[in-house]
(Lines give C-alpha, C1' and ligand atoms only; values in the text may rest on other atoms or scores of the structure.)
Protein backbone atom coordinates (compact mmCIF):
# COMPACT_ATOMS: atom_id res chain seq x y z
CA UNK A 1 0.00 0.00 0.00
CA UNK A 2 1.40 3.38 -0.95
CA UNK A 3 2.59 5.89 1.62
CA UNK A 4 0.90 8.44 -0.59
CA UNK A 5 -2.61 7.23 0.16
CA UNK A 6 -3.83 10.52 1.62
CA UNK A 7 -2.15 12.44 -1.19
CA UNK A 8 -3.95 10.37 -3.82
CA UNK A 9 -7.41 10.79 -2.29
CA UNK A 10 -6.84 14.50 -1.75
CA UNK A 11 -5.48 14.89 -5.27
CA UNK A 12 -8.69 13.45 -6.67
CA UNK A 13 -10.70 15.85 -4.51
CA UNK A 14 -8.88 18.91 -5.80
CA UNK A 15 -11.31 21.71 -6.61
CA UNK A 16 -14.20 19.79 -5.10
CA UNK A 17 -16.12 20.28 -1.86
CA UNK A 18 -14.78 18.28 1.09
CA UNK A 19 -16.18 17.89 4.60
CA UNK A 20 -13.70 18.11 7.47
CA UNK A 21 -14.23 17.09 11.09
CA UNK A 22 -11.89 18.75 13.56
CA UNK A 23 -10.80 17.83 17.06
CA UNK A 24 -13.10 19.64 19.48
CA UNK A 25 -16.15 19.02 17.31
CA UNK A 26 -15.98 21.74 14.62
CA UNK A 27 -17.16 20.68 11.15
CA UNK A 28 -15.90 22.61 8.11
CA UNK A 29 -16.97 22.34 4.48
CA UNK A 30 -15.18 23.95 1.55
CA UNK A 31 -13.68 23.63 -1.91
CA UNK A 32 -10.23 22.01 -1.65
CA UNK A 33 -7.61 24.29 -3.20
CA UNK A 34 -4.45 22.74 -1.83
CA UNK A 35 -2.85 20.53 0.77
CA UNK A 36 0.59 19.44 1.86
CA UNK A 37 2.29 16.50 3.55
CA UNK A 38 1.12 17.63 7.01
CA UNK A 39 -2.49 17.41 5.80
CA UNK A 40 -2.65 21.20 6.06
CA UNK A 41 -5.55 22.16 3.80
CA UNK A 42 -6.38 25.27 1.80
CA UNK A 43 -10.12 25.71 1.30
CA UNK A 44 -12.21 28.22 -0.63
CA UNK A 45 -15.81 29.15 0.05
CA UNK A 46 -15.40 27.41 3.38
CA UNK A 47 -18.18 27.37 5.92
CA UNK A 48 -18.56 26.05 9.42
CA UNK A 49 -21.45 23.60 9.71
CA UNK A 50 -23.21 23.48 13.08
CA UNK A 51 -25.05 20.54 14.60
CA UNK A 52 -28.43 21.86 13.51
CA UNK A 53 -27.28 21.92 9.89
CA UNK A 54 -26.85 25.70 9.70
CA UNK A 55 -23.62 27.07 8.28
CA UNK A 56 -21.66 30.29 8.68
CA UNK A 57 -19.33 31.50 5.93
CA UNK A 58 -15.56 31.45 6.57
CA UNK A 59 -14.28 32.37 3.09
CA UNK A 60 -10.76 31.23 2.18
CA UNK A 61 -9.09 29.18 4.89
CA UNK A 62 -5.93 27.35 5.87
CA UNK A 63 -6.64 24.47 8.25
CA UNK A 64 -3.67 23.06 10.18
CA UNK A 65 -3.53 19.33 9.59
CA UNK A 66 -2.96 18.35 13.20
CA UNK A 67 -6.49 19.50 14.11
CA UNK A 68 -8.13 17.16 11.60
CA UNK A 69 -9.88 13.92 12.55
CA UNK A 70 -11.50 13.01 9.23
CA UNK A 71 -11.84 14.32 5.68
CA UNK A 72 -14.73 13.25 3.46
CA UNK A 73 -13.97 13.69 -0.22
CA UNK A 74 -16.95 14.33 -2.50
CA UNK A 75 -19.02 11.30 -3.60
CA UNK A 76 -17.69 9.90 -6.91
CA UNK B 1 9.39 -8.97 15.19
CA UNK B 2 8.97 -6.86 12.10
CA UNK B 3 8.61 -3.09 12.23
CA UNK B 4 6.01 -3.61 9.55
CA UNK B 5 3.54 -5.33 11.85
CA UNK B 6 0.76 -2.80 11.37
CA UNK B 7 1.39 -2.73 7.62
CA UNK B 8 1.04 -6.51 7.41
CA UNK B 9 -2.24 -6.65 9.31
CA UNK B 10 -3.64 -3.72 7.36
CA UNK B 11 -2.47 -5.23 4.07
CA UNK B 12 -4.44 -8.38 4.82
CA UNK B 13 -7.50 -6.27 5.60
CA UNK B 14 -7.39 -4.45 2.29
CA UNK B 15 -10.86 -4.21 0.75
CA UNK B 16 -12.47 -5.62 3.87
CA UNK B 17 -14.56 -3.98 6.58
CA UNK B 18 -12.56 -2.74 9.58
CA UNK B 19 -13.78 -1.26 12.86
CA UNK B 20 -11.90 1.78 14.17
CA UNK B 21 -12.05 3.30 17.65
CA UNK B 22 -11.01 6.93 17.83
CA UNK B 23 -9.81 9.10 20.70
CA UNK B 24 -12.84 10.88 22.12
CA UNK B 25 -15.03 7.80 21.74
CA UNK B 26 -16.12 7.84 18.07
CA UNK B 27 -16.39 4.40 16.44
CA UNK B 28 -16.11 4.15 12.65
CA UNK B 29 -16.68 1.13 10.39
CA UNK B 30 -15.79 0.98 6.71
CA UNK B 31 -14.13 -0.87 3.85
CA UNK B 32 -10.36 -0.32 3.99
CA UNK B 33 -9.15 1.18 0.70
CA UNK B 34 -5.73 2.40 1.72
CA UNK B 35 -3.39 3.38 4.52
CA UNK B 36 0.08 4.82 4.96
CA UNK B 37 2.93 4.75 7.47
CA UNK B 38 1.16 7.27 9.75
CA UNK B 39 -1.79 4.86 10.04
CA UNK B 40 -3.84 7.35 8.04
CA UNK B 41 -6.69 5.28 6.61
CA UNK B 42 -8.88 5.59 3.53
CA UNK B 43 -12.29 4.01 3.98
CA UNK B 44 -15.24 3.46 1.67
CA UNK B 45 -18.86 3.02 2.68
CA UNK B 46 -17.83 4.28 6.09
CA UNK B 47 -20.34 4.76 8.85
CA UNK B 48 -20.21 6.08 12.38
CA UNK B 49 -21.49 3.53 14.89
CA UNK B 50 -23.14 4.94 18.01
CA UNK B 51 -23.34 3.33 21.43
CA UNK B 52 -26.85 2.06 20.83
CA UNK B 53 -25.68 0.19 17.71
CA UNK B 54 -27.20 2.61 15.23
CA UNK B 55 -25.03 3.89 12.40
CA UNK B 56 -24.98 7.00 10.22
CA UNK B 57 -23.40 6.91 6.76
CA UNK B 58 -20.17 8.86 6.16
CA UNK B 59 -19.34 7.68 2.63
CA UNK B 60 -15.66 7.81 1.59
CA UNK B 61 -13.35 8.99 4.35
CA UNK B 62 -9.76 9.78 5.22
CA UNK B 63 -9.05 9.22 8.92
CA UNK B 64 -5.88 10.81 10.33
CA UNK B 65 -3.86 8.12 12.05
CA UNK B 66 -3.08 10.11 15.18
CA UNK B 67 -6.76 9.97 16.22
CA UNK B 68 -6.86 6.19 16.19
CA UNK B 69 -6.79 4.05 19.34
CA UNK B 70 -7.54 0.62 17.86
CA UNK B 71 -8.28 -1.03 14.52
CA UNK B 72 -10.12 -4.34 14.33
CA UNK B 73 -9.46 -6.17 11.08
CA UNK B 74 -12.23 -8.49 9.85
CA UNK B 75 -12.45 -11.98 11.42
CA UNK B 76 -10.40 -14.47 9.37
CA UNK C 1 0.05 19.39 -5.01
CA UNK C 2 2.92 21.37 -3.59
CA UNK C 3 4.21 20.84 -0.07
CA UNK C 4 4.45 24.60 0.02
CA UNK C 5 0.69 25.15 0.00
CA UNK C 6 0.54 26.97 3.33
CA UNK C 7 3.61 29.00 2.40
CA UNK C 8 1.99 30.14 -0.85
CA UNK C 9 -1.27 31.24 0.78
CA UNK C 10 0.58 32.98 3.59
CA UNK C 11 2.96 34.62 1.11
CA UNK C 12 0.00 36.15 -0.71
CA UNK C 13 -1.38 37.40 2.62
CA UNK C 14 1.83 39.20 3.54
CA UNK C 15 1.11 42.67 4.91
CA UNK C 16 -2.62 42.01 4.94
CA UNK C 17 -5.03 41.37 7.80
CA UNK C 18 -5.56 37.69 8.63
CA UNK C 19 -7.96 36.10 11.10
CA UNK C 20 -6.57 33.29 13.27
CA UNK C 21 -8.51 30.76 15.35
CA UNK C 22 -6.53 29.19 18.17
CA UNK C 23 -7.02 26.00 20.13
CA UNK C 24 -8.96 26.87 23.26
CA UNK C 25 -11.22 29.29 21.40
CA UNK C 26 -9.17 32.51 21.15
CA UNK C 27 -9.59 34.48 17.91
CA UNK C 28 -6.82 36.87 16.83
CA UNK C 29 -6.78 39.37 13.98
CA UNK C 30 -3.73 41.21 12.73
CA UNK C 31 -1.53 42.30 9.84
CA UNK C 32 0.70 39.39 8.77
CA UNK C 33 4.37 40.43 8.97
CA UNK C 34 6.04 37.05 8.80
CA UNK C 35 5.77 33.32 9.22
CA UNK C 36 7.96 30.25 9.13
CA UNK C 37 7.72 26.54 8.37
CA UNK C 38 6.15 25.81 11.79
CA UNK C 39 3.29 28.20 10.93
CA UNK C 40 4.64 30.52 13.62
CA UNK C 41 3.20 33.92 12.71
CA UNK C 42 4.33 37.49 13.30
CA UNK C 43 1.45 39.95 13.41
CA UNK C 44 1.25 43.71 13.73
CA UNK C 45 -1.69 45.72 15.06
CA UNK C 46 -3.02 42.44 16.40
CA UNK C 47 -6.19 42.32 18.43
CA UNK C 48 -8.09 39.60 20.21
CA UNK C 49 -11.67 39.34 18.98
CA UNK C 50 -14.24 38.15 21.54
CA UNK C 51 -17.47 36.31 20.86
CA UNK C 52 -19.53 39.47 21.10
CA UNK C 53 -17.44 41.08 18.35
CA UNK C 54 -15.47 43.37 20.66
CA UNK C 55 -11.70 43.45 20.32
CA UNK C 56 -8.80 44.28 22.62
CA UNK C 57 -5.49 45.50 21.21
CA UNK C 58 -2.45 43.20 21.46
CA UNK C 59 0.05 45.19 19.38
CA UNK C 60 2.89 43.24 17.74
CA UNK C 61 2.70 39.51 18.34
CA UNK C 62 4.40 36.18 17.70
CA UNK C 63 1.90 33.31 17.63
CA UNK C 64 3.31 29.79 17.99
CA UNK C 65 2.08 27.69 15.10
CA UNK C 66 1.11 24.67 17.14
CA UNK C 67 -1.73 26.63 18.76
CA UNK C 68 -3.37 27.46 15.44
CA UNK C 69 -6.49 25.73 14.11
CA UNK C 70 -7.28 27.92 11.11
CA UNK C 71 -6.00 31.01 9.32
CA UNK C 72 -8.27 33.09 7.12
CA UNK C 73 -6.35 35.15 4.60
CA UNK C 74 -7.98 38.40 3.46
CA UNK C 75 -10.68 38.16 0.75
CA UNK C 76 -9.12 38.58 -2.72
CA UNK D 1 21.19 -0.71 29.20
CA UNK D 2 19.94 -1.63 25.77
CA UNK D 3 17.73 0.66 23.72
CA UNK D 4 15.91 -2.50 22.78
CA UNK D 5 14.50 -3.09 26.25
CA UNK D 6 10.86 -2.94 25.22
CA UNK D 7 11.59 -5.10 22.17
CA UNK D 8 13.20 -7.78 24.34
CA UNK D 9 10.32 -7.96 26.81
CA UNK D 10 7.74 -7.95 24.03
CA UNK D 11 9.70 -10.60 22.12
CA UNK D 12 9.56 -12.91 25.12
CA UNK D 13 5.80 -12.31 25.35
CA UNK D 14 5.19 -13.29 21.75
CA UNK D 15 2.15 -15.57 21.45
CA UNK D 16 1.30 -15.08 25.11
CA UNK D 17 -1.48 -13.12 26.79
CA UNK D 18 -0.55 -9.54 27.74
CA UNK D 19 -2.53 -6.96 29.68
CA UNK D 20 -2.53 -3.39 28.32
CA UNK D 21 -3.61 -0.21 30.09
CA UNK D 22 -4.55 2.62 27.77
CA UNK D 23 -4.78 6.37 28.30
CA UNK D 24 -8.37 7.16 29.21
CA UNK D 25 -8.70 4.09 31.37
CA UNK D 26 -9.43 1.25 28.93
CA UNK D 27 -7.84 -2.11 29.79
CA UNK D 28 -7.25 -4.65 27.01
CA UNK D 29 -6.09 -8.26 27.26
CA UNK D 30 -5.04 -10.41 24.33
CA UNK D 31 -2.52 -12.78 22.79
CA UNK D 32 0.46 -10.78 21.45
CA UNK D 33 0.93 -11.49 17.74
CA UNK D 34 3.20 -8.64 16.79
CA UNK D 35 4.56 -5.22 17.63
CA UNK D 36 6.81 -2.59 16.09
CA UNK D 37 9.16 0.18 17.18
CA UNK D 38 6.25 2.55 17.94
CA UNK D 39 4.90 -0.01 20.43
CA UNK D 40 1.98 -0.59 18.06
CA UNK D 41 0.65 -4.01 19.06
CA UNK D 42 -1.21 -6.74 17.19
CA UNK D 43 -3.39 -8.85 19.47
CA UNK D 44 -5.52 -11.92 18.91
CA UNK D 45 -8.49 -13.03 20.99
CA UNK D 46 -8.42 -9.56 22.52
CA UNK D 47 -10.99 -8.49 25.04
CA UNK D 48 -11.73 -5.30 26.89
CA UNK D 49 -11.71 -5.78 30.64
CA UNK D 50 -14.03 -3.53 32.63
CA UNK D 51 -13.59 -2.38 36.22
CA UNK D 52 -15.95 -5.02 37.55
CA UNK D 53 -13.81 -7.76 35.97
CA UNK D 54 -16.20 -8.49 33.12
CA UNK D 55 -14.80 -8.63 29.60
CA UNK D 56 -16.20 -8.09 26.11
CA UNK D 57 -14.60 -9.77 23.09
CA UNK D 58 -12.75 -7.60 20.56
CA UNK D 59 -11.24 -10.32 18.35
CA UNK D 60 -8.08 -9.41 16.41
CA UNK D 61 -6.82 -5.91 17.11
CA UNK D 62 -4.17 -3.34 16.25
CA UNK D 63 -3.49 -0.98 19.15
CA UNK D 64 -1.64 2.26 18.35
CA UNK D 65 1.35 2.53 20.62
CA UNK D 66 0.85 6.16 21.58
CA UNK D 67 -2.32 5.24 23.52
CA UNK D 68 -0.50 2.79 25.76
CA UNK D 69 0.45 3.53 29.37
CA UNK D 70 1.61 0.09 30.51
CA UNK D 71 1.98 -3.45 29.19
CA UNK D 72 2.08 -6.43 31.53
CA UNK D 73 3.75 -9.45 29.99
CA UNK D 74 2.58 -12.84 31.25
CA UNK D 75 4.06 -14.10 34.55
CA UNK D 76 7.18 -16.19 33.89
CA UNK E 1 9.50 34.62 3.98
CA UNK E 2 12.37 33.56 6.18
CA UNK E 3 12.20 30.48 8.39
CA UNK E 4 13.94 32.68 10.93
CA UNK E 5 10.94 34.94 11.49
CA UNK E 6 10.57 34.21 15.19
CA UNK E 7 14.33 34.51 15.66
CA UNK E 8 14.34 37.94 14.06
CA UNK E 9 11.50 39.31 16.18
CA UNK E 10 12.98 37.83 19.34
CA UNK E 11 16.44 39.16 18.43
CA UNK E 12 15.04 42.67 18.23
CA UNK E 13 13.39 42.19 21.63
CA UNK E 14 16.62 41.18 23.33
CA UNK E 15 17.04 42.92 26.67
CA UNK E 16 13.52 44.36 26.47
CA UNK E 17 10.33 43.48 28.33
CA UNK E 18 8.13 40.92 26.56
CA UNK E 19 4.66 39.66 27.49
CA UNK E 20 4.08 35.91 27.20
CA UNK E 21 0.76 34.05 27.21
CA UNK E 22 1.01 30.39 28.18
CA UNK E 23 -1.30 27.45 27.59
CA UNK E 24 -3.54 27.13 30.62
CA UNK E 25 -3.95 30.89 30.94
CA UNK E 26 -0.80 32.05 32.76
CA UNK E 27 0.59 35.42 31.64
CA UNK E 28 4.28 36.19 32.24
CA UNK E 29 6.17 39.44 31.74
CA UNK E 30 9.93 39.79 31.85
CA UNK E 31 13.13 41.10 30.27
CA UNK E 32 14.19 38.78 27.44
CA UNK E 33 17.72 37.50 28.06
CA UNK E 34 17.83 34.61 25.63
CA UNK E 35 15.94 32.13 23.51
CA UNK E 36 16.61 29.15 21.30
CA UNK E 37 15.12 27.36 18.31
CA UNK E 38 12.45 25.67 20.48
CA UNK E 39 11.21 29.12 21.55
CA UNK E 40 12.53 28.33 25.04
CA UNK E 41 12.94 31.74 26.65
CA UNK E 42 15.21 33.09 29.39
CA UNK E 43 13.69 36.02 31.25
CA UNK E 44 14.96 38.31 33.97
CA UNK E 45 12.86 40.28 36.44
CA UNK E 46 9.96 38.08 35.37
CA UNK E 47 6.58 38.39 37.00
CA UNK E 48 3.29 36.57 36.65
CA UNK E 49 0.45 38.92 35.75
CA UNK E 50 -2.98 37.94 37.03
CA UNK E 51 -6.34 38.80 35.49
CA UNK E 52 -6.89 41.71 37.86
CA UNK E 53 -3.61 43.30 36.73
CA UNK E 54 -1.65 42.40 39.87
CA UNK E 55 1.74 40.75 39.45
CA UNK E 56 3.89 38.46 41.58
CA UNK E 57 7.66 38.40 41.14
CA UNK E 58 9.28 35.28 39.63
CA UNK E 59 12.87 36.52 39.25
CA UNK E 60 15.00 34.82 36.59
CA UNK E 61 13.13 32.20 34.59
CA UNK E 62 13.43 29.63 31.83
CA UNK E 63 10.12 29.10 30.03
CA UNK E 64 9.80 25.94 27.91
CA UNK E 65 8.74 26.93 24.41
CA UNK E 66 6.05 24.31 24.01
CA UNK E 67 3.93 26.02 26.69
CA UNK E 68 3.83 29.33 24.83
CA UNK E 69 0.81 30.58 22.86
CA UNK E 70 1.91 34.14 22.09
CA UNK E 71 4.80 36.50 22.71
CA UNK E 72 4.34 40.25 22.54
CA UNK E 73 7.59 42.09 21.89
CA UNK E 74 7.84 45.63 23.27
CA UNK E 75 6.21 48.43 21.23
CA UNK E 76 8.75 49.96 18.82
CA UNK F 1 26.40 18.51 31.45
CA UNK F 2 25.98 15.20 29.75
CA UNK F 3 23.02 14.38 27.51
CA UNK F 4 23.12 11.02 29.22
CA UNK F 5 22.01 12.33 32.59
CA UNK F 6 18.84 10.24 32.78
CA UNK F 7 20.74 7.18 31.55
CA UNK F 8 23.35 7.57 34.30
CA UNK F 9 20.80 7.90 37.11
CA UNK F 10 18.75 5.01 35.76
CA UNK F 11 21.88 2.89 35.31
CA UNK F 12 22.73 3.35 38.98
CA UNK F 13 19.18 2.33 39.88
CA UNK F 14 19.33 -0.91 37.95
CA UNK F 15 17.88 -3.80 39.95
CA UNK F 16 16.68 -1.42 42.66
CA UNK F 17 13.19 -0.22 43.58
CA UNK F 18 12.16 3.05 41.92
CA UNK F 19 9.04 5.14 42.42
CA UNK F 20 7.34 6.49 39.29
CA UNK F 21 4.71 9.22 39.05
CA UNK F 22 2.61 9.10 35.90
CA UNK F 23 0.50 11.72 34.15
CA UNK F 24 -3.05 11.33 35.39
CA UNK F 25 -1.93 10.70 38.94
CA UNK F 26 -0.98 6.99 39.01
CA UNK F 27 2.02 6.09 41.19
CA UNK F 28 3.97 2.89 40.43
CA UNK F 29 6.75 1.24 42.41
CA UNK F 30 8.92 -1.59 41.16
CA UNK F 31 12.37 -3.07 40.67
CA UNK F 32 14.02 -1.47 37.61
CA UNK F 33 15.00 -4.16 35.11
CA UNK F 34 15.59 -2.05 32.04
CA UNK F 35 15.02 1.24 30.26
CA UNK F 36 15.73 2.81 26.90
CA UNK F 37 16.30 6.25 25.39
CA UNK F 38 12.54 7.03 25.41
CA UNK F 39 12.52 6.50 29.20
CA UNK F 40 10.44 3.38 28.60
CA UNK F 41 10.94 1.32 31.75
CA UNK F 42 10.81 -2.39 32.51
CA UNK F 43 9.85 -3.12 36.10
CA UNK F 44 9.59 -6.31 38.12
CA UNK F 45 7.45 -6.86 41.21
CA UNK F 46 5.68 -3.64 40.29
CA UNK F 47 2.78 -2.37 42.30
CA UNK F 48 0.43 0.57 42.01
CA UNK F 49 0.48 2.74 45.12
CA UNK F 50 -2.76 4.52 45.96
CA UNK F 51 -3.18 7.77 47.85
CA UNK F 52 -3.96 6.02 51.11
CA UNK F 53 -0.64 4.14 50.91
CA UNK F 54 -2.17 0.80 49.90
CA UNK F 55 -0.69 -1.03 46.92
CA UNK F 56 -1.97 -3.56 44.39
CA UNK F 57 0.42 -5.94 42.65
CA UNK F 58 1.07 -5.47 38.90
CA UNK F 59 3.86 -8.02 38.40
CA UNK F 60 6.26 -7.42 35.51
CA UNK F 61 5.55 -4.24 33.59
CA UNK F 62 6.61 -2.09 30.65
CA UNK F 63 5.84 1.59 31.25
CA UNK F 64 5.86 3.87 28.18
CA UNK F 65 8.18 6.78 28.85
CA UNK F 66 5.86 9.48 27.58
CA UNK F 67 3.47 8.87 30.50
CA UNK F 68 6.14 9.55 33.11
CA UNK F 69 6.38 12.78 35.11
CA UNK F 70 9.03 11.82 37.67
CA UNK F 71 11.21 8.88 38.65
CA UNK F 72 12.65 8.58 42.17
CA UNK F 73 15.68 6.33 42.29
CA UNK F 74 16.32 4.55 45.60
CA UNK F 75 18.06 6.53 48.38
CA UNK F 76 21.85 6.08 48.20
CA UNK G 1 21.20 34.21 20.24
CA UNK G 2 22.60 30.81 21.02
CA UNK G 3 20.56 27.63 20.67
CA UNK G 4 22.22 26.65 23.92
CA UNK G 5 20.41 29.25 26.00
CA UNK G 6 18.71 26.78 28.31
CA UNK G 7 21.93 24.81 28.66
CA UNK G 8 23.84 27.93 29.72
CA UNK G 9 21.31 28.96 32.38
CA UNK G 10 21.06 25.41 33.69
CA UNK G 11 24.86 25.06 33.68
CA UNK G 12 25.13 28.11 35.93
CA UNK G 13 22.51 26.62 38.24
CA UNK G 14 24.39 23.35 38.67
CA UNK G 15 24.47 22.25 42.30
CA UNK G 16 22.08 25.05 43.29
CA UNK G 17 18.42 24.98 44.29
CA UNK G 18 15.99 25.51 41.39
CA UNK G 19 12.22 25.90 41.45
CA UNK G 20 10.26 23.99 38.80
CA UNK G 21 6.63 24.48 37.77
CA UNK G 22 5.07 21.46 36.08
CA UNK G 23 2.04 21.11 33.82
CA UNK G 24 -0.91 20.23 36.03
CA UNK G 25 0.17 22.62 38.75
CA UNK G 26 2.83 20.71 40.71
CA UNK G 27 5.75 22.80 42.01
CA UNK G 28 9.07 21.09 42.77
CA UNK G 29 12.18 22.49 44.40
CA UNK G 30 15.55 20.76 44.52
CA UNK G 31 19.29 20.93 44.02
CA UNK G 32 20.10 20.61 40.30
CA UNK G 33 22.45 17.66 39.72
CA UNK G 34 22.08 17.21 36.00
CA UNK G 35 20.05 17.87 32.88
CA UNK G 36 20.06 16.95 29.22
CA UNK G 37 18.93 18.35 25.89
CA UNK G 38 15.30 17.33 26.53
CA UNK G 39 15.31 19.48 29.70
CA UNK G 40 15.11 16.27 31.71
CA UNK G 41 16.39 17.24 35.15
CA UNK G 42 18.09 15.35 37.95
CA UNK G 43 17.43 16.86 41.36
CA UNK G 44 18.67 16.06 44.84
CA UNK G 45 16.93 16.89 48.11
CA UNK G 46 13.84 17.58 46.02
CA UNK G 47 10.57 18.51 47.65
CA UNK G 48 7.09 19.22 46.37
CA UNK G 49 5.86 22.64 47.40
CA UNK G 50 2.12 22.98 47.91
CA UNK G 51 0.02 26.12 47.52
CA UNK G 52 0.02 26.82 51.24
CA UNK G 53 3.84 26.86 51.25
CA UNK G 54 4.25 23.47 52.91
CA UNK G 55 6.62 20.97 51.32
CA UNK G 56 6.93 17.18 51.29
CA UNK G 57 10.29 15.52 50.70
CA UNK G 58 10.85 13.63 47.42
CA UNK G 59 14.57 12.84 47.75
CA UNK G 60 16.51 12.27 44.52
CA UNK G 61 14.41 12.74 41.39
CA UNK G 62 14.42 12.59 37.60
CA UNK G 63 11.88 14.99 36.10
CA UNK G 64 10.93 14.41 32.44
CA UNK G 65 11.44 17.64 30.54
CA UNK G 66 8.16 17.56 28.66
CA UNK G 67 6.24 18.13 31.92
CA UNK G 68 8.05 21.36 32.70
CA UNK G 69 6.53 24.82 32.22
CA UNK G 70 9.15 26.98 33.91
CA UNK G 71 12.45 26.67 35.78
CA UNK G 72 13.63 29.36 38.15
CA UNK G 73 17.37 29.28 38.69
CA UNK G 74 18.61 30.59 42.04
CA UNK G 75 18.97 34.39 42.46
CA UNK G 76 22.49 35.54 41.50
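Per-chain residue numbering starts at 1, and chain names A, B, C, D, E, F and G are given in the order in which the chains are listed.
We take it that a contact is a pair of C-beta atoms (placed from the backbone, for glycine too) under 8 Å apart; a residue touches a chain by one contact, two chains touch by 3 or more.
Quick caveat: nothing in here was measured; it's all calculated off a predicted structure.
Chemist: Quick one: which chains contact chain C and chain G both?
Modeler: Common contact partners of chain C and chain G, which must touch each of the two, are E.
Chemist: How big is the gap, in whole Å, between where the Cα atoms of chain E centre and where those of chain G centre?
Modeler: Measuring from centre to centre gives 19 Å for this pair.
Chemist: Could you work out how far the Cα centre of chain A sits from that of chain E, in whole Å?
Modeler: Averaging C-alpha atoms per chain gives centres 34 Å apart.
Chemist: Any chance you could list the residues of chain G touching two or more other chains?
Modeler: 10, 66
Chemist: Round the ring, starting at chain A and heading to chain C first, what is the chain order?
Modeler: Once chain A is placed first and chain C next, the ring gives A, C, E, G, F, D, B.
Chemist: Touching chain G in the complex: which residues of chain F?
Modeler: Of all residues in chain F, those touching chain G are 1-6, 8-10, 23, 39, 65-66, 68-73, 75-76.
Chemist: Provide the residue numbers of chain A that touch chain C in the complex, in ascending order.
Modeler: It comes out as residues 7, 10-11, 14, 22, 24, 26, 28, 34-37, 40, 42, 58-64, 66-67.
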